[in-house]
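Okay, so subunit A shows up in both of these, paired with subunit B first and subunit C after.
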Partner chain A sequence: MINRLNEFNFIPIPADEKALETARQFVLEQAERLNLPAPIIFKIELALEEILVNVVHYAYPPGTTGVVDVGCLTDEAGISLCIADSGRPFNPLEKEKPDLDIELEERQIGGLGIFLTREMVDAIEYRREQDRNIITFTIRKP
Partner chain B sequence: MEIRIQKKDDLLSILLEGRFDAFGANQLDAVLKEALEDGVVRAVLFIMDGVSYLSSAGLRILLSTYKQMQKRGGVMVLSGVQVYCREVIEMTGFAGTFPMVDSPEEAEAVLRQPSAPEKPKPVGEEKCSVETGDYCFVSGSEDSCAAEILGDIRDILHSRVTTERIYSKRFFDKEYSIGMGGLGAGLEDYINLLGEMITIGGTMVWLPTDGHDTADFLIPKTDQGDVMIRTGFNVSIKGGVNEYVYFKSATAGGTPVGALYRELFSFAKKRRPDFRGALGLVIRAQLGAVYGSGIKKSAVTQNAPANGKMILHESNRGEWFDGDTAPRHTRVTGLIVGIGADLTADLSDYDEEDFNRVFYMHPANISGKEEMLHNHAVIFNEQPLPQHPTRLEEEIHRVIEQGTFLDMRHLLDSSTITEALIGIHYLQAFRSDPEGVPLDQGKAEPMPEIKKSQMRYYQG
Partner chain C sequence: MGGHGSRHRVVSWTNMNLTWETQARTQGGLTLKLIGRLDSATAGEFDSLVESLLAELGAGSPLVLDVGRVTFISSMGVRSLLKARKAMQARGGAVQLIHIQPQVASVLQMANLYF
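Coming up: the complex of A and B.
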């Protein structure tokens, strides 16, 4: 999907706590034309939140507000989203999988977000390009 | 998210409505901090009927509340959790930790339990040494597991698979299944090649009956098209592993697979009230000796034995099966999916018809046997085995990544296991697999074509 980025519709959003709601409205509008069933919408929302919240929290130094670009491409196969920032290099896909077996007390809650994302999407890629972190993922129509 | 709280004595009830996302989690975090500050609360009830969405940020709040209650010797209960939210909780492994009930009334029963709060189930470990070897059991999920079936073993045993009796099933990377099937877009690609098949750890392996006796080992790339399995008979094990076992054989050469199943049946009878007579096993094994058998012909109508007997009948067996009399491999690593029925157990809890689709309880098929087993194994060169039972799934993936693929076989019960991580599913039911579709129905929409280029592809 990364090589089709020119076909995506993008909007720039300030990477703050309101970003999620703005991005969500934008993506849901784009998704509307696909007439997707509720479980797929749920997957889209969850993957979007997990990736976006990561960017809002970690991409830019505290006290500064950068911009996150949210892109969307719908076609007969399904929906693809792109989330791009110009913050510090960070590939969430390299995060280790959380160990779901270990005892709760020792369990690190970190990594659950990306774990859930992987469960929701059919494909996901990360690329660092021109000082930007670019994540694209695809959720197919059933 | 709308949050309403009510405090009564030491019970804090929180009614949530809307989206439990990162934003909602922040709101709730502030409310909870204040409500729990005075240290009085010993029970927290989340009423979640109106919550349509839950993300990891929401989970984080639930977990931290749970931990706080644990520290105080208190409880946390979730009531009315809706389907998607429940999936998120299950997917992340919290289902066994957070008590979930259907209504606040039901929650009261849990909350009223005096001073002994519902603790997370300790990972119970139980060690047993018996004649066959040492067994270390660790409890797993409480899922009600089932064997889901497509087609019918009787169609295989009588070689009467027809195009109407072929099913298509989407390949699913978390699936454990065994059966008789093939791959291909057009019927002519596989109908005469149906062979032993297994899916495990995101891979699919089959032994086409093309006369080469060489297994294909395939890792579908999930991001490219859908891979459809065509099958005349397939059993999938549904549900999480109920119990993990580390097994070490008392015999240097290993314990025969048949004897290992008998021992597990015997343990199950003593230890597990939920044992109904059949087990689904996923095994990451060190195999001392592999005795395999492979079907030589596709079990379709035109190949049916002229004498009308089953293909297993001694008059037909030689023509139909390659059965090893000497080990085909020694000292190798195997990934096994197996399903076994204890014929000495009362099997009447199972649906008779569906059970017979897997274990044909015909006198000619079961004579003199105490158990009936189907085990398919993917064979790799020997890989080190950690002795940690719950590492099973992870280990399966490691073997697939790092091992050298050698073979795939239907295991004869005489094959031996020296050491293994075993995942036991105590099967509560045999039923039809709702995911599969008969091929002729599937024709309505064109099947995606499967190309070898869509897969990581190896040949032994």
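Coming up: the complex of A and C.
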């Protein structure tokens, strides 16, 4: 999917606390065309939140607001999203899977977001290109 | 709303909402009915809400979360539920979730979290 970025419909969004809501509205509008069932919308929203919140919190130095580009591609197979930033290199897919079996008291919650995302999506890729972090993921229609 | 043991407030970020309502339970304890989303936009408010409710709960009383109308949960929401459970366990109580919707249940299951 990362090879079809020129087909995505992108919007630039300031990477701040309001970014998720703006991105969500944009993506849901695009998804509406596919008339997707609620469980698929749920997956899209979860993956979007987990990836985007990471970018908002960690991509740019504190006190600065960069831009995150959110792209969407819908086709007969399903929906693909792209989230790209110009922040420091960060591949969330390299995060280790959280140990879900350890005792609650010792459990580290970090990494859960990306773990849930991996469970929800059908494909996910990361690429560092031209000083940008580019993540794409696809959720297929049932 | 109003009345004894009942409160109502809307937590809102543009249109990412979490509405809640509490009801005292006869055997002590409290039911917190949640409507909306437990996500990065609402988790902070939910944490504060739970913290304030702890003061009203007797030691060992359960906190029942009626999540029948919670339509979305992300890792931030999961984190908040864990936090609430830890806080309750520290007081000798427990958190119970009731009316969990299938998609929310699947996220909790993926996180290996059972209430």
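Note that in this section the second predicted complex is superposed on the first by the 142 of 142 C-alpha atoms of A that agree within 3 Å, B and C clash if a C-alpha of one lies under 4 Å from a C-alpha of the other, contacts with A are read in each partner's own complex, and residues count from 1 in each chain.
By definition in this document, a contact is a pair of C-beta atoms (placed from the backbone, for glycine too) under 8 Å apart; a residue touches a chain by one contact, two chains touch by 3 or more.
None of the values given here were measured: they were computed from a predicted structure.
Student: So if we stack both complexes on subunit A, do subunit B and subunit C clash, or do they fit?
Tutor: Here the two partners, once superposed via subunit A, clash with each other.
Student: Which holds for A:F90: it touches subunit B only (first), subunit C only (second), both, or neither?
Tutor: neither
Student: Let me test your reading of the model: by the given contact rule, A:E45 touches which partner, first (subunit B), second (subunit C), both or neither?
Tutor: After superposing on A, A:E45 lies in contact with both subunit B and subunit C.
Student: Just checking: does A:A123 make contact with subunit B only, subunit C only, both, or neither of them? Give me first, second, both or neither.
Tutor: Only subunit B is touched by A:A123; subunit C is not.
Student: If you stack the two complexes on chain A, which partner ends up touching A:G113: first (subunit B), second (subunit C), both, or neither?
Tutor: Both partners, subunit B and subunit C.
Student: Of the listed segments of subunit B (57-65, 165-173 or 309-317), which one clashes with subunit C in the superposed model?
Tutor: For subunit B, the clashing option is 57-65.
Student: Using the superposition described at the top, list the residues of subunit A that contact subunit B and also contact subunit C.
Tutor: Common to the two interfaces on subunit A: residues 20-21, 38-39, 42, 45-46, 49-50, 53, 100-101, 104-105, 109, 112-113, 115-116, 119.
Student: So in the complex, the part of subunit A that touches subunit B is made up of which residues?
Tutor: 17, 20-21, 38-39, 42, 45-46, 49-50, 53, 98, 100-101, 103-105, 109, 112-113, 115-116, 119, 122-123, 138
Student: Could you pull out which subunit A residues touch subunit C in their complex?
Tutor: Going by the criterion above, the answer is residues 18, 20-21, 24, 38-39, 42, 45-46, 49-50, 53, 100-101, 104-105, 107, 109, 112-113, 115-116, 119.
Student: Quick check on the complex: what are the subunit B residues that touch subunit A?
Tutor: 21-23, 26, 53, 55-57, 59-60, 63, 66-67, 84, 88, 91-93, 97, 120, 123, 222-223, 390-391
Student: Name, in rising order, each residue of subunit C that touches subunit A in their complex.
Tutor: 13-16, 39-41, 72, 74-76, 78-79, 82, 85-86, 102-103, 107, 110-112
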